[in-house]
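Listed after this line are the structures, all set down as structure tokens.
Two complexes, one shared chain (chain A), two partners (chain B, chain C).
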Partner chain A sequence: MPSDQPLLSLRVVFLRQFLRHGRSIMTSPADVANPLLFFFMVITLFPLGLGPDPTTLAALSPGILWVVALLASLMVSAKLFASDFEDGSLEQLALAPYPLAVTALAEISAQWLATGFLLALLSPLFGVMLGLPDEGLLTLSVSLLLGTVCLTLIGALGSALTVSIRRGGLLLSLLIIPLNVPVLIFGTTAVREAVLGGNPESWLALLGGLALGSLVVAPLAIGAALRVSLDS
Partner chain B sequence: MLLEVTQVAIERGDRRLLSDVDLSVSGGEIWQLVGANGVGKTSLLRGLAGVARLGVTGEIRHAGAFLYLGHASALKSSLSPVDNLRWHPASDVTASVGQICEALAAVNLAGYEYRPVGSLSAGQQRRVALARLLLSDAPLWLLDEPFTALDVAGCEWLEGCVRRHVNAGGATVFTSHQPSRFGPLQQDLDLGRYAV
Partner chain C sequence: MWTFIHKLGSPPWFFGFSGTLVRWLLPVTVTLLLVGAVWGLLVAPPDFRQGNSYRIIYIHVPAAVVALAGYYVMAFAGAVSLIWRIKMADVTMRAAAPVGAVLTAIALVTGAIWGKPTWGAWWVWDARITSMLILLFLYLGVVALFEAYENKTAAARACAVLSLVGMVNIPIIYKSVDWWYSLHQPASIKFTGESAIDSSMLYPLLLMILAFYCLFALTLLLNMRAELLWNHRDSGWLKQLVGDI
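On to the complex of A and B.
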């Protein structure tokens, strides 16, 4: 929108949108608790299904923890932009004289802090519940910290592409699960290496690279995808 | 001239709704887009605002800032009116709490400043959205069905608000099924004539 007034700096715009979205997340704590509760429930069910043998659980736990984290992030990302699209906020954001990439990244950051970041912080607790050996706990937390950044951004891209489609849930999963596969592989391998006394750092470095790469590329793609969604 | 539209055509999907729409809006003018349901009033307004770009061909030139209020209110239902109005993403205007409370009082919502918007009625939510008109200094207003859900007093308030805006040199383009609310002050653009 053309305007005579001086534009706010992108940093201020980012911060305002971040606070606005953060405030609206805080007012519905159920949305924050849901993925964590899902994670907790699945983790408690696995020992019941697999039997309480610590060696079996320890061997399987890196994979289980990461797959559940991936599914939890899928749950969140499916509705990331849905409310913005329905209530018309997205239209107004698209009319704003700022790149959609910046405002979308602000919302994604707030969302990540409320879900991915919390999940990574609490993950050692879940790891202990699944009998993950102590050496793997820190790596699990760090790998999820980096991994959820990728998962959230990829999920946001899927959500941006499918937000205008009614019941786009299945399409969304089809779109983003293949993109999530490398993240899953690097993450589980890092935790497994840590448990076996190997070298998790190189895998964590790969995850970090993926996270930085998606932080640069994904917002631009998300901004473009949101515009496409508004056009239809 | 605040808005200059030449030879604009609107397509939705593979269907052409309107073609060769010409319109020029200057300060002091009120334009109502009229036409039957489905003729393309909302599509044209979204095209004029630049929300939808796909399927809009022709030239649309804005000479200044504008405020677009769509069907959807762009309000977060979990936030209070004050939090909702504090920053409007599509304009740089950051309103102070004092200004917001003043605007809310003007739309007869004093006392509701800090309740979640989701707990208000449809008409009250509409009033919160319309309070943006008072907080914006954009000369051109593009309003999609602004009278929907408003009671008689609300409609009268909005009418006065638009009149004041236009008297101060602004302009308004709106869609509505209510015939000629503004009498001789308004001009109608009958989209039926441009329908394909």
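On to the complex of A and C.
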């Protein structure tokens, strides 16, 4: 990089990287639709496997919806950094005079907007399909909104650690499923609490805390992990 | 003090030092294990309600305690390796992961064996059991990640990042699983206040915990020595050492 060019502020860097990745997501709508379709398909499997009894389904639905959201995030994070790694743009980002944590976070934010955020918005629809009582629908959506932030960040960490490994898919699930346990517990408990007529706010607050905490910690770890992957 | 820590980073020096350490630690560990096992399994009185089946705690509890401590050893070594790039820290982390995984598995299996006569089921989804299971996954993740990388320096750094993130997460996982559901009895040994366990049962248990710490240190050192032998199989100091023997 020529030295007479002034450095950009981190905010501009974040914004540019966000828009760049956002545009690349827009060019392949299938990548946005796939996780949602996956979510829809797996949800369909549960009534087929468990039987169509509405009370059983309603009782199990908070857990089902959350577990399937977790699986969808696994699927998304498996290829989060893959194309950037293969075409060399990740290397360029690492050479750029900006922290990799910031540029990676911009990319992850764009990704979250296209997957986790949409999933959270559409989740009440799937909740209705499984007979989740109306009281739980808003909580489901809010809990997924906060929870997918954590799921995406943790998934991105797993992706950053395994991106240089051939056939890293199964390894990725082993790495990130244990880290996702608290998110799953807080999320499902919040929804169940709302269905039972209790107050889900404390659980949602915990989820929000987790989301903010991982927003601080995860990008640093992701940056370090990406550098390891590029060195190997 | 500082020179000692600096020396620890040198593979030839560590190899010699750990050899001496192992020679002392081996008899101590065996003695502690034997005394603790005989005391706990034969001498200590049977439990009022559980009869003799409770005696498995002399394996179960030490394994669980040391398995958790092992994760912190691994994560600490990972932090040292990330910050100061000391090769010996990589070796320590690499050696600690399988030992910790085995101890976690022992704790899970002995817990299941004890659970069958006591709770009537091999496996129940109780908070502590589930957190131990997750700990096992965390250990296996580190082991598998290390194996997956061809370049072992990169592998060590990746594992260091992973184990540090895991360490941040462990308290959260424990707390969340605790709130989720608890059937397991609360911890009986407390450092402050009265223990809920009689001293005739407590002392052999404490002895066994000490024995398992020694066992962990011993297997860790042996593992590290094996790793060093392999990593330095072509280097001069090792050939000289082997030549001397």
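The rule is simple: the second predicted complex is superposed on the first by the 229 of 232 C-alpha atoms of A that agree within 3 Å, B and C clash if a C-alpha of one lies under 4 Å from a C-alpha of the other, contacts with A are read in each partner's own complex, and residues count from 1 in each chain.
Just so it is clear, contacts are C-beta pairs under 8 Å (C-beta built on N, C-alpha and C of every residue); 3 or more make two chains touch, one makes a residue touch a chain.
Fair warning: this is a prediction, and the values are worked out from it, not measured in the lab.
Note on chain A: of its two partners chain C and chain B, the one contacting more of its residues is B. Contact with chain C, but none with chain B, is seen for A:L157 once the two complexes are overlaid on the shared chain. Look at A:S232: by the touch rule set out above, it reaches both chain B and chain C.
In the overlay built on the shared chain, the residue A:D134 is in contact with neither chain B nor chain C.
Within the superposed three-chain model, A:D53 lies out of touch with both chain B and chain C [touch as defined at top]. Residue contacts after overlaying the shared chain place A:S28 against chain B, while chain C stays out of touching range. Judged by the touch definition given at the top, the superposed model places A:D87 against chain B, while chain C stays out of reach. Within chain A, the residues touching chain B in one complex and chain C in the other are 228, 231-232.
Partner chain B is touched in their complex by these residues of chain A: 1-8, 16-17, 20, 23-24, 27-28, 83, 86-89, 91-98, 103, 227-228, 230-232. Across the interface of their complex, chain A is touched by residues 82, 134, 137-138, 140-141, 144-145, 148-151, 153-155, 157-158, 161-162, 164-166, 168-169, 172-173, 175-177, 179-180 of chain C. In the complex of the two chains, the chain A residues touching chain C come out as 157, 161-162, 164-165, 168, 171, 174-175, 177-179, 181-182, 185-186, 189, 210, 217-218, 221, 224-225, 228-229, 231-232. The part of chain B that touches chain A in the complex is made up of residues 46, 49-55, 62-66, 68, 70-79, 83, 86-93, 116.
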